[in-house]
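Dropping the structures in below, format is structure tokens.
One chain, subunit A, links the two complexes that follow: it is found with subunit B in the first and with subunit C in the second.
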Partner chain A sequence: MAPDLLWTLIAFFLTILVLSYVLGDNALFRMVMMIFVGISAGYGAVLLFYQVIMPRLITPLMTAPPADRMVLIIPAVLSILLLFKLSPRLSILGNPSMALLTGVGAAVAIGGAVSGTLFGQISGTISLFDLSGLSSAGSAISQLFGGIVLLTGTICSLAYFHFGARKKGGENTGAQPAIIQLLAGIGKVFIAITLGALFAGVLAASLAALIERLDFLINVIKPMIS
Partner chain B sequence: MRAPLSTAIAIGAGVLTLLGFFIPIESLTSMRSLLIEWAVLLAGVAGLVAIVHLLSVHWRKMTASHNRSVTSAFLLVAFGITFAAGMVLKPGHPTIQKIVTHIQVPIEASLMGVLAISLTAAAIRLFQRRGGWMSVLFAVSAFVFLILGSGFLSSFANIPVLKDLLAAVNSLPVAGARGILIGVALGSLTTGLRVLLGTDRPYSG
Partner chain C sequence: MSEIICPYCGYSNDIDALTCLSCKKSLYDDVEEPGNPPQQEGMDWLNTFRGFDTKTNASTLDLKPGDGSTDAEPEIPDWLARIRALKGEEAPPLEDESLPPGEMPSLNNQDADLPDWIKEIKASDSPQPGKENNEDFPDWLRNLSAEENLAPKPEASEVSGAALPDIPDDLQMDEPAEFNFDAQSVEGNPIAPVSPPLDIGGLPDEFFQELTAGQTHAAEEIDQPDLDWLLERAQTNLPQEEAAAQPLDEPNWQDQPSLKQPEPEPSANESEPVESAELPAWMFESGEPAGNDTVESTEIDFASLEGNLTGIGSEDLITTPQEEELPDWLLEDKAAPPAQAPEYLPEAPSDVETGEMPGWLHAVRPIEATAPKLVKSEEESRIEASGPLAGYQGVLPGQGVVTHYSKPPVYSARMQVTDKQRIYATLFETLIADEARVGAPAAAKTKSSQLVIRLAVGLVMVVALLAILILQPGFAAFPTLVPPESVAFYDSVQTLTSAATPPRVLVALDYDPALSGELRTISTSVLEDWMAGNSGLAFISINPAGPALVSELVNTAAIQTPAYLTAERVINLGYLPGGASALAALANSPTRAAPTTLDGLPAWESLLLQGMNTVADFDAILLLTDNAENSRAWVEQVKPAAGDTPLLVVSSAQVAPALQPYVQSGQISGMVSGFTGGAAYEQLTQSASGPVRQYWDAYQGGMLLIAALMLIGAAVFGIKNIVRRPK
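Up next is the complex of A and B:
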């Protein structure tokens, strides 16, 4: 049997076994999932070793100048300490490594949220109110209307996620302020439309994948029959 | 104070990285780069630790005296073969790429295909269990954007009024998405600040 045919048959049977889930959860589907997780974990481990640990730690430790090697001792020690997380009794030794990871991760998240999302989204919302480059009054009104809708939708969607409660006599009443309730009601409409659009996008992508798989199955079966 | 050393490391590393982001001083930016480099390396090691933990859990499930899991053996064998082949041949080798393109990709694509059927079934169930105007609005929105996404209306895009109408409809989900994105960013900001102030210490477990 030609190697390419063997690989195609493997892909063919795996596709059928995964699609068998449509008829209900079954042992063959679970077996394929375990194979999938095993292969993904194996490939992931190989990639982590060859693309992260090898070039960033092992190779520099062997080839870098002595001064650079001294600096690398810190992440090397932290990496070794992280391995203690595998043992429930000694896992506390891995906490400093996790702390560095969490601290840097939090700082990167703050930087990304502020400069990437907050500034970007807010300036994107504001830019629609800049009418200086527009030639006709009609397009200016159209853009202004679009900007007002977008601004209203953004503010109201944000208000929908406001979970603060009104205080009365020093105690939470459990009820939102009336203005927030009104904005949240409008926000609900925008969020339903957004989730509908996202659902449509995911459904379209998954339908395309299903069609591609069915096309693959037909292309494998067709030569066998003819 | 619980875990003072870890807290000091988290706050110190976090504050130095954050300063390197917003203050353009050479020493701060190079310190930020170094710390991110270390964090990437530690994330890689953490990934390996997670994989080893996954394997140990499945090994225990496979060798348990009661309720032994036979399917865990498939995971361990699949991991062993892929890992050994990958370590010997390296990730770019054609055989390793065949494993990816003929095993991983077909399974992922088929799972995506199954998702189409599951999503349709879930949408029908949503209508059966939870009616109301929100469900109707959700369904109408999904239907309209499926038609818009299919390109069915692209032949009418030259008609001026319809063109403006399509542009207006397309901008509606942007407003909600923008609100959600800003909400997520504010949530990330608050969570990050809680870690940097030492209020949250997820590393001290």
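Up next is the complex of A and C:
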């Protein structure tokens, strides 16, 4: 039996077992899930060792010049300290590594969000109201309408997530201001449409994956039948 | 109520009466009896009362078993009982040899000296022949009477002298050595020479021999040695000996000749101080009733009365015959119960001056008379019967604690609830039970119906898709309207692939194997176009599974482009760990972020990537993703560093809504999302056998079926709700 056919049969049976979930949660489905999780973890560990740890830490520590070795000691020590997180009693030793990871990650995320998303999205929203480059009035009206809808949806969606309450007589009444309530109601519609689009996208992606798997099964079975 | 006994007829009169109601004679006149001078003899009698203790201590009143005077003594110390027992059994009849008849009155003489009213009292209290009046006596006294009747009565000549004095208990103890008085201490007392030898060990015999021989001294001479003896004992002996010497303080009215005192049996109870409850009943009957308790009776100073006895006539004394007879310790015991301190004394005459208690009386006063009485428990009063502590009382009290240990009380931890609360709790339990009973079948029904619906929908979907895939009906037309982002994507690809130099594209593979079926199908057409333009493809992934998917994707795309040199034009940079931080590092310096290929070779020294230092050096960045967060990270971290390099995205349908704003803002140059985007791209490329086209019928049929099922389900549940609502 050719290796490709063997792996094809394995993939076939595993696909059937996954599709058995249509009958409900069962042992075969859970077994396949465990196999996938185990294979993914094992593959990830091997990949990290041979592609990250060995070429980027161990090999340079052995072969690199002393100056580079001194630089590599820092990530080596931090990595070793990170292993102490496995022990609840010694987990405090891993806090410096975790602090470094968290701090760097937060700084990178915030910087990217400000420069990449906030400024980019504001610029893109404003550009819709720039009608100077448009050649026809129809295009201008269409772009302006799109810009108004986009701006309205943005403002109303933000208003929906405004949880402040109105004060009356120095006490919170528990009710939002009327204008906020109006905008929040409109924003609720935009949010519902967005969530509906996301759900449709998930459904479409799942349907595409199912079709691809069924086509795989047909391609496996068809040669056997013929 | 106090009473006055008529000295003539013995009738009991009221305390206020001046004359007897029976014989009409004056109650306060001098009573004269033949051969018994009233006043002088009465004074002698009083003197006898005063010196009775000391006199009897020294000279031992001639009291023998069977003597009638013992009945008036409420308490017979055990030492006396022992002495009497010895004397009654061993000693020969005693004879009064030492004392003159007038100085040492015998019992008969005393009886003759007594006033008539006392005789009457004795006559009334003495047991009548053939009549048992022992009911008035305490139990111990009845026992004594019984023994007396059984004991042989000596002759009348032997019953001479007064009753035996109250000798302390220690005189009768088994160790005579403890009772040896120091002769020098006795000699130190000026009156000591006249006292008898105080060899306590031989005291009883010599004591009684002197008594019987009549060698007693005159009362004045005898009092002092006896007092010294008592004082010395009070100063030297232990408190328990003082307590034992308490009977010495008692007036010798108890030894009245008319009262028979049988020989008592030694018992533990007799060693205790005399309590008023043990006093003879006749004493209380002749005075105030026992139940009438007032404070006045306890406030009378007997010492003053005693000190003025010589100056008081018999008319003053006759009204209170029992006043002087009561011991002062009994009167001072104010804390005693009322029943134990009967009020039997009338008011003292106003002309009687208050005197002080003599020193000797203070000294010999028992401690129990002044100290608060300790209530001994059963354990404390227990006498050891064996062992080295035999005979001791109240030792090892802890033994009783150990032996009488009982389990500690068990307190219930059960909550105390009222009837009302119990009713509420029962009602609440009933409500909960009803809810649980009703809900269980509904849950089972819901679970079974959901299973059926899920199974039916699944089977319908699988069967329909299989049928469409097998039959390939071709009922679904490709979309004629192409999204603008797909058009932009197509334009970018065509622009780059149509350039003179083959483009070098950084392909970021960032999707999970679960959605590889969708993304591989969409990406295959795109990669085929890139391969057709002989583009250099550098794959990198921030997903651990990415490097494995790269080879599969390249191999699938290379099938349609066999002329494409995969080994030369494709390089796999492998896994880039670190998420957004790794992307930032890649944007700043790709050579340091991903220095080697998946095979460990230097990536940036290859022909494909040679001379490239930044991401902007790439002609395009192609992102294959199914994750919105990672897609946004690529846009945020890499795109600003890429400059004018277009960022093209092939995404899953589920992340298209999240990436659409970046498409609108121009941060993403073009995007193909889902089968719809892939079909649009293939429509633009005029591909007749693209992978998306093969699945398009199934995809459209499946979407239609899903829409139909959703509509059917909504209709069914809507109708069901409408039907249920009237209920």
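Just so it is clear, the second predicted complex is superposed on the first by the 219 of 226 C-alpha atoms of A that agree within 3 Å, B and C clash if a C-alpha of one lies under 4 Å from a C-alpha of the other, contacts with A are read in each partner's own complex, and residues count from 1 in each chain.
Throughout what follows, a residue touches a chain if its C-beta (ideal position, glycine included) is under 8 Å from a C-beta of that chain, and two chains touch if they have at least 3 such contacts.
Everything numeric in this text was worked out from a predicted model, so none of it was measured.
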Touching partner for A:23 - first (subunit B), second (subunit C), both, neither: second
Subunit B versus subunit C as contact partner of A:201, first or second or both or neither: both
More subunit A residues in contact - subunit B or subunit C: B
Subunit B versus subunit C as contact partner of A:123, first or second or both or neither: second
Which of subunit B and subunit C A:97 touches, first, second, both or neither: first
Partner chain in contact with A:14 - subunit B first, subunit C second, else both or neither: first
Touched partner set for A:152, first subunit B, second subunit C, both or neither: first
Contacts of A:215 with subunit B and subunit C, given as first, second, both or neither: second
Partner chain in contact with A:190 - subunit B first, subunit C second, else both or neither: first
Overlap of subunit C and subunit B interfaces on subunit A (superposed complexes): 19, 22, 40, 43-44, 47-48, 50-52, 56, 104-105, 108-109, 112-113, 115-117, 121, 124-125, 150, 194, 197-198, 200-205, 207, 209-210, 212-214
Subunit B residues touching subunit A - in the complex, by the definition given at the top: 3, 5-7, 9-18, 21-22, 34-49, 51-56, 71-72, 74-83, 86-87, 90-91, 96, 98-100, 102-104, 106-117, 119-120, 123, 134, 137-146, 149-150, 164, 167-168, 171-186, 188-189, 191-193, 195-196, 202-205
Subunit C to subunit A touching residues, read off their complex: 451, 454-455, 458-459, 461-462, 465-466, 469-470, 514-515, 517-518, 520-521, 544-545, 547-548, 574-575, 577, 579-581, 584, 595-596, 598, 600, 626, 632-633, 635-637, 639-640, 652-658, 661-662, 664-667, 673-676, 694-695, 698-699, 702-703, 706
Interfacial residue positions of subunit A with respect to subunit C in the complex: 19, 22-24, 40, 43-44, 47-48, 50-52, 55-56, 104-105, 108-109, 112-113, 115-117, 120-121, 123-125, 127, 150, 194, 197-198, 200-205, 207-215, 218
Residue ranges of subunit A touching subunit B (in the complex, touch as defined): 7-8, 10-11, 14-15, 18-19, 21-22, 27, 30-32, 34-53, 56-57, 71, 74-75, 78-79, 82-83, 85-86, 91, 95-118, 121-122, 124-125, 142, 146, 149-158, 160-161, 187-207, 209-210, 212-214, 216
